[in-house]
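I've put the structures underneath this note.
Two complexes, one shared chain (subunit A), two partners (subunit B, subunit C).
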Partner chain A sequence: MTSYSGYMLRRFGQFVLVVFIGINLAFLITHLTPIDPIEQTISAATSFGSTSPEAIAMMRQALRELYGLEGGLWQQYAAFWKRIAVGDFGPSLSAFPTPVSDLIWRALPWTVGLLSVSTLLTWCLGNLLGGLAGYFQKSSMLRFAGVLAMGFHPIPYYITAFVLLIVFGYLWPVLPITGGYRMSMPRGFNVDFILSVAQHSILPVLSLMIVGLGGWFMGMRALVSNIVSEDYVQYAELGGVARRRILTSYIMRNALLPQVTGLAMSLGAIFNGAIITEQVFGYPGIGTLLVSAVHAGDYSLVLGLTTVSIIAVSAAVLLIDLLYPLLDPRVKVR
Partner chain B sequence: MWQVLRDLLRYNREFAVGVFLLSFVILIAALSFLAPHSPLDSYVVPPDLPPGWPYVLGTNSRGQDVFWQLTCAIRNTLLFGFAVALISRVLSLVIGLIAGYAGGWVDRALMSVNDTFIVIPLFPILVLFYFVMRDRMSWMTLALAMAFLGWSYDARLIRSVALSLRAREFTETSIFSGMSMRQILIQEHLPYVLPIVFSTTMNNINWSIGLEVTLSVLGFTDINTPTIGVMIYWANQHTALVAGIWWWIFFPVALVVVTFIGLFLLAVSMNEYIDPRSRLGRVGA
Partner chain C sequence: MSEGAAPAPVLTVTALRAYYQTRLFGIDRDVRAVDNVTLHVNANEIYGLAGESSCGKTTLIKTIAGAIRPPLKVQGGSVEFNFHGRRVSLYDKNAPDLADIRWRHLSYIMQGSMSVLNPLRRVRNSFVDFAFRHIHKPMAEFLDTVRAHLLRLHLQPEVLDAYPHELSGGMRQRVAIALATVCRPEFIIADEPTTALDVIVQKGVLTMIREVQREIGSSLIFVTHDMAVHANLCDRLGVMYAGRLVEEGPTAEILREPRHPYTAHLIASLPRIGDVAPKKALEGTPPSLADPPLGCRFHPRCPLAMDICKRENPQMEWVGPVHRVACFAAQPGKRQ
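So, the complex of A and B:
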């Protein structure tokens, strides 16, 4: 076996482990807590209006079947995995009888779009600026950018999104603050609709970028300022290699590797941020769906969303891991 | 120890600012013990007054004094952060030190689990946890749950240091002089790791406070224990911004941002202090 396929295999093994542990965690939380989820769900779902006793009985039966709560713990465990394997989380309770998987499939593209656009932009911009700041350490503008990055970095996603909402919603209302596109607009693949989607995504993307930029910026600056003092960089400078070339292919190229690994490691945290931001701006993705599912007491939707989130994030991490050898040729020869 | 602190305050601007901001926050939290009313009582003062005398930060729609409410909220929020950090520190120390010392399959197994916890999106899991617990969700259960989920990043860091300590000569000497693994880890390796633990503690407190604020703003915690997040939650419930009662939202947000920046600056400056190269660069400059 070559070391490349060995690497691939190890990464895939890690992916399987993440999904396995994550799903087990979800199972443990839902099955070993002392609370009966079914009575909880029924009381939450029926507290907003009058529901006939027959409907409640049906609901109870459906829920029991849904979680395979008949039988012992091991049978329940097997039933739990079977549902996940076929991707069937049963009907949603708050949008009965739409299947949970339909709701999730409808929301997923929004989250994936928001997350990939904002993460790519943040990562590229943060690394570029951080690289420049590490190379041109005397530049006062880049120093100031460093102070700003440091100030914004520790603020959690919710607060940033919330402040942007206040600024652009109440103080200076120029941008849409809620929804994924204009309400009255028919969905279709045309210029108007796409423009509306882009316009509505400005604030969510902006709030994700404000928080995310600092981390990449500071990481890259530290890496680059270490590499600058390496012998081979000084040799290249003495040898008269163009500075631009030194910065891009001698320094940044090497400093990018830990940043790619860092991206894979922080994807879970970025995902948390994205679903929180979505909720603030009422963006029609996973996050908004999750919060409304909790408020509506929709057990199957919450569980389905948690499971899909775990699988989606670990799949994205796997993707980054599999692309990594393209950047780092050492993986192939080792 | 005191000398180190004095030098840090003198030469490291980030440290000085961080200490200043954090002392300010802790002072406000300490004032909560002087509060004239219980934070849970409502309609003890006239509602909806803007900031002024005698209600310095105004009063909210529930008839509570925003200032005294804030002191109590920040105290609970800080305590929450410390509790999570303390418990998760123990976990990450045990796992990191053992993985680094034992090596081999123990290391591989522990680090696989560790990497799993780094990757898993914790927010949906915490929401699921709340969803199942509902009204039984208390301050302490949430702290325990978050500590159980939040140790992984730092365990990896501690393990990498422990790995290099394992290869040092004094470890071999301790083994030959008959010390047990527990003794070596606690007496020999722990002191080397502690500075890193301090700096990661600050980041961990930030992380847990951030998640707590988020969860409670959404109403996914025990909404009867006043924390910063719970304050914003109630303000949102009473649509404070639409009603123009901005002080109900502005002051908690501002105070928690000050907390975040203070803790973060402390973490950054401690990291720098640990790395002697950057320390020399600073004193020389």
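So, the complex of A and C:
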């Protein structure tokens, strides 16, 4: 147990370090871009008529205070960390005066729900089928599944998204093609609303799954067909250990270890993976929010979204890493 | 065979042929790893199988263990066990399901036991996976049996709670031996169980193998290329060369008076106290088993080769009550 807590501590230290560096980078990049959000706002506000220079100066001062852009770079940097510590990213520019954190909190559950469900489903299904295909190499059905997976794998997910959109929205319109739930429906925690959410998520989830399945399938199939010839599997076969036991505890379990690492990595890709899917299906998540924030030059919203995704991705990877020693006892020793 | 009154042997291998069949670029190739091998192993006996690498030792015992997977294929002959009157013929048309024989009657100690235990399962679970179905007891009593067995083999019962990586190489090998003997099987196959170990650990493991074999009275077929190990452990010795058995007899007799020039060479390669002269290596390399030389397969390297050796294949013939050899030079009647 002591070695596990040592491992935990080390991993947690890494997590803090990664988040710190990531947020610093986000700060630097936004501050080094030539686009000055304040000048942009001012020019937008003053483009329809002449405004007195004093009024413009006052406006500039007010905006600076609002966005924490007073003083030199170091002062701004200190102010920035103070805001992050309390989770305040200032008001949004494009949806003034709604605070950025409100916008993010509203969008976050949609993205996390959509992506975690599709990623986990894809992972489970791909590994199960791939593992079986690696073990029962003679099964023609599983071979066909392999061909299918390999065929779909290289298709970009936005293409499958469009194809699904055309098929289920136009040729055979049975599923809703846009939004996260039915527009007219009040939000609430009841069966109707949840059903509507589930129905709306079918197509986005499907578009992500069809493409993601192939990678897990092929990876797991290759892993399993290697592990089948490992000494401990052959020995278990010589020992007459029950087939089902060999398949689950000797082959699948060992093959899953690298796949768990892969899962952590793909959870990390949640935020960039969602952007296009959410755009195509008009899903009210982080991706849609980010795209519109960039279009509107909404400086604080972009910074807030970046920060939140840095923390979320690192936390997901940390969680998987902390669970990993429970799956592989050898990790603790390192 | 020669001893009529002796009880039936536990293992009888008759004219066994096992080939690796490969097909590369449309060309069929047979690698005759086991070619016409006949041998038996008596009850309560340690039978040593010697020979250099790639002479077919491991293929022979794979075939004996019923672990055939393509491209290896049994071409002919039979492997028959006699477990206290229960006859099991492995390559018969009506061969039984081996799962209920494995570990109960026939167990296996494998080469490189560093990797024969599942790295993600505690040793306890390996024992449960392999042996629980054969020892008809509830789990708690079963584990008591296992603990008692481990103690007998000078292992702390705590190893049950360990993962394989937490044990040293020697301990892992001893755990593997405990695992292979916990069901007290009649027949144990040991495939180079000491090859990866240093000599000190090796000695401990060999002693343990002999102790446990004596205690449960099982038969053992012990494979290694190390003649010194054979000299210490085995009752009888079989020497293989290029897929064939070339000599077989009591270990002491073979060591004292080898009949086959290949055996003689293997024994001469053993270091002796007082040796000063460097050892001479045997000229040439073992033949390719895909295209073995005509006649005796050893003749290209044999110092005693005669004309007949290039044409005819010597058969195993008795040169003593329990001593057989396949060599024209050692069979006086065949000299030409």
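Here is the rule we go by: the second predicted complex is superposed on the first by the 296 of 334 C-alpha atoms of A that agree within 3 Å, B and C clash if a C-alpha of one lies under 4 Å from a C-alpha of the other, contacts with A are read in each partner's own complex, and residues count from 1 in each chain.
As a working rule, contacts are C-beta pairs under 8 Å (C-beta built on N, C-alpha and C of every residue); 3 or more make two chains touch, one makes a residue touch a chain.
Computed from a predicted structure; not experimentally measured.
Colleague: Touch check for A:Thr30: first (subunit B), second (subunit C), both, or neither?
Modeller: first
Colleague: Subunit A residues in contact: does subunit B have more, or subunit C?
Modeller: B
Colleague: First (subunit B), second (subunit C), both or neither: which does A:Gly240 touch?
Modeller: second
Colleague: Should A:Ala85 be classified as contacting the first partner (subunit B), the second (subunit C), both, or neither?
Modeller: neither
Colleague: Just to be sure I read the superposition right, which of the two partners does A:Leu303 touch: subunit B = first, subunit C = second, or both, or neither?
Modeller: first
Colleague: Check the residue A:Val18 against both partner chains and state whether it touches subunit B (first), subunit C (second), both, or neither.
Modeller: After superposing on A, A:Val18 lies in contact with subunit B but is clear of subunit C.
Colleague: Quick check for you: in the superposed arrangement, does A:Val191 touch first (subunit B), second (subunit C), both or neither?
Modeller: Neither partner.
Colleague: With the two structures laid over each other on chain A, which partner does A:Ser314 touch: subunit B (first), subunit C (second), both, or neither?
Modeller: So A:Ser314 only meets subunit B here.
Colleague: In their shared complex, at which residues does subunit C touch subunit A?
Modeller: Touch residues, subunit C against subunit A: 65, 67, 98-103, 107-108, 110, 112, 115-121, 125, 129-130, 133, 163, 165.
Colleague: Using the touch rule from the top, collect the residues of subunit B that touch subunit A in their complex.
Modeller: Subunit B reaches subunit A through residues 112-113, 115-125, 127-134, 136, 153, 206, 209-211, 213-214, 217-220, 232, 241, 249, 253, 256-257, 260-261, 263-265, 268.
Colleague: Inside the complex, what are the residues of subunit A that reach subunit C?
Modeller: Residues of subunit A touching subunit C: 230-232, 234-242, 245, 249-250, 253-254, 257, 327-330, 333.
Colleague: Show me the residue ranges of subunit A that touch subunit B in the complex, using the header's touch definition.
Modeller: Residues in contact with subunit B: 14, 17-18, 21-22, 25-26, 29-30, 33-35, 37, 40, 44, 150-151, 153-159, 162-163, 166, 170, 264-265, 267-268, 271-272, 275-276, 279, 290-291, 294-295, 299, 302-303, 305-306, 309-310, 313-314, 317.
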